[in-house]
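Chain IDs A, B and C follow the sequence of writing; residue 1 opens each chain.
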Amino acid sequence: MSLTQGDEVFAGVHESALNDMLRAFFNARPRYRVYGSPGFVPATSVTATQMAALPLPGGASVDWAIGFEIPEIDLFDQSKPLPPQLSLAPGQFSLKTKIQLCLNCGSRKDAGNDQPGQEQGRIGRLGRALCSELGVFAIGHLESWHNGNGAGEVWLRVDQVELVDITPDSLESLLECLIRLVLDTALSQVRIPLQTLRAGAFHLIVTRGPEIADDRVKAFGNV
Amino acid sequence: MFDRLDSRILRFSDCYGQRFMKPGTYCYHALPATGYAVDIKRPFVINVGERKSTNVMNQHTVILRFDKQSFQPDKTELTIESGDLVIWNCPDRNAPGYIVQGDKEFFASVRLWNECGFSHAFGMPGVYEWKDAYGSGICGVINVADPPRDSKNCVDLAAWRESLSKAVLVTIDKNEAQPEKVEIVTGQTVYFAITVSKGISITDRRAFYAQT
Amino acid sequence: MSEIIAAIDETGANTLLADAIQTVGTLSKSGSGNLGPFGASYTVHGSFTSGAVDLIPPDTIRIDHLHFAWHADLSFSIDLNDFLPHFCLPQVCIDIPCVGEVCTPEICIDWPTIPIPTVSFGDFVEATADFGLDVALTSGNWKVQIVVKNVSQLQFGPGTAAILGIIAAAITPLLLAVPFIGPFLAIAVDAIIAAIGIAGLTGFLGPIISPFISGLKVPVYNQPKHFELLPAAGANDPAVFIELDTVQARIEGSDEDELVLDIDISA
């Protein structure tokens, strides 16, 4: 069976190449895996993205930070182990990473002791950060766009996250939801052009794909 | 394109002829055109003695060779009888235009005086309106036509070659050229015989401003 | 197992190579050679149009009817003495009344060498060319080219035969400027053209045009080894690069023949 099958052009990117690309991306732009409010991230830079502090009742807010390691991707066919709660179906990828959640858990100053001009209700200066690290497995799918000029992009969408051994179950579900949302929105920003995904080889106007099969992201089309 | 018709500057298909009517020694030089103003040497000699022959004129031909930037006659010294004609020609197509310049005013190809001649074989067809560049008003026309061609556009070369032996004579006496109009084919020769004149040239109007 | 595989079938290869051959642009060459009996200087320029592509495993790309449209400017010299008979103006005698007969000497004509400054003409040649795959890392770029391995005999276009007529038309006015040549003109032109002949013309043009074809290199892939995955997008988003560690090319045959590029990368 030919690579191009019924089309003129074929491009196939193995999961190891995709992992290389993600590694290159997150090493060059770490801020896409490190987020925090001003107490943790004074300003957005190459290394971290500033987010707003978490609001609390009474106008207070709390600093927080979240970051994850460069994820390892396994494209269907499955070649990496997964927890039993997850199974990799055709067209899907699995993801493994570690996520760190941090909160600035300082004590709130009383109202009367506030110095003139000090922001009322601000929970102390950063100095009592509490962090926790969790191993994460996830399942997701590819999304993409392409046009008749051969332009297009591909990115990862996270559909399901599994944390191991968090109790009670409701807390596990809550955290899985939070982490899924964080990972999905973070990884959705990593958009790789179809042209560079295949290292600039040939010209491809997509007629089928990009799709995941045989450990590769595959695209078919015409010159 | 047209032939260069100008007796002031001789070329390979031109001849200059001069009769020497009086005994004496006549020195001359053959020079590139305008050379007479540069080189005053007259290294070659015509010795003219008394006429002893019974005819009116004998002809002597001097062939010039162009070598190492100078003209050399095949006879550097020539002895003739008074009334004889000397004809000069340099048949080298690559030689520059030249003059024959003697030490007497009458003896110069640049200006044709008395008892002299100039011939030109025409290499290209056309209408050649000639006149005297020195302003005497003497003029004429020579119509040169290509030889006739057959239906296959071929020239009868044998017939044409035969026609080349036939020249046309134009006689110039005082202020008149006879005939004024001449019809020839390419390759034929017109001989201008000057009996008496005030020193003229035979010059195509198109070459009128060529320097002597 | 290659990390990135890109493949193109014959249909796609036809389009790819048609576009790639166009990027080769106009090629030029100057020099000198023998045009029949004449030494001639020339400038030739031309451009290619691709033909029908056949991918032949493991590493041959055949292009049938590879078309090279060429234009030549020639200059050469003709020694007319090689073509015209020895010619002399005969002695001409004329009778001058009361003086006698005057005769001009026989004047033998040495025909000149005529420079033919520029004759311009053009046509095309076609050939079947087999190309091999050449992969090289040059000046930091991975380049995959197809390069000619061998070429069939050049087929000259029908216009080539008319070139002799163009040469004849170009030299005729120059010959007309030679005194006394008029009656010999047709003979001279016919003799010159016959001396060149079609064999002389193709024998002259063939060695000039062949190198254009045999030296043809068509780019198929050209990317920097330090490959930009994403351009910079602001002060906090620098460009993202990967390294193209190896690039290989092959022709793969299965139910279809395909040109395949195999690329390995690292972060």
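Please note the rule applied: contacts are C-beta pairs under 8 Å (C-beta built on N, C-alpha and C of every residue); 3 or more make two chains touch, one makes a residue touch a chain.
Because the structure is a prediction, the values reported are computed rather than measured.
Asks: State the chain with the largest centre-to-centre distance from chain C, centres being mean CA positions.
Replies: A
Asks: Going by C-alpha centres, which chain is most central here?
Replies: C
Asks: Please compute the C-alpha centroid of chain A, do the same for chain C, then give the distance between them in whole Å.
Replies: 57
Asks: Using Cα averages as centroids, what's the distance between chain A and chain B in whole Å?
Replies: The computed centroid separation for chain A versus chain B comes out at 106 Å.
Asks: Using mean C-alpha positions as chain centres, tell me how far chain B is from chain C in Å, no decimals.
Replies: 53
Asks: In chain C, what residues contact two or more other chains?
Replies: Residues of chain C touching two or more partner chains: there are none.
Asks: Spell out the residues on chain C that touch chain A in their complex, using ranges where they run on.
Replies: Contacts found on chain C: 1-9, 11-12, 15-16, 221, 223, 227-230, 236-242, 244, 252, 254-256, 258, 260-261, 263-267.
Asks: Sort out for me which residues of chain B touch chain C in the complex.
Replies: Those in contact with chain C are residues 1, 3, 12-13, 15, 17, 19, 55-57, 59, 61, 63, 85, 87, 89, 91-94, 117, 119, 121, 123-125, 146-147, 153-155, 157, 160-161, 164-169, 171, 186-187, 189, 191, 193.
Asks: Quick check: in the complex, which residue numbers of chain C touch chain B?
Replies: Residues 89-105, 107-110, 112, 176-184, 186.
Asks: Spell out the residues on chain A that touch chain C in their complex, using ranges where they run on.
Replies: Residues in contact with chain C: 1-4, 7-14, 16-17, 20-21, 23-25, 27-29, 31, 44-46, 192-193, 196, 198-203, 216, 222-223.
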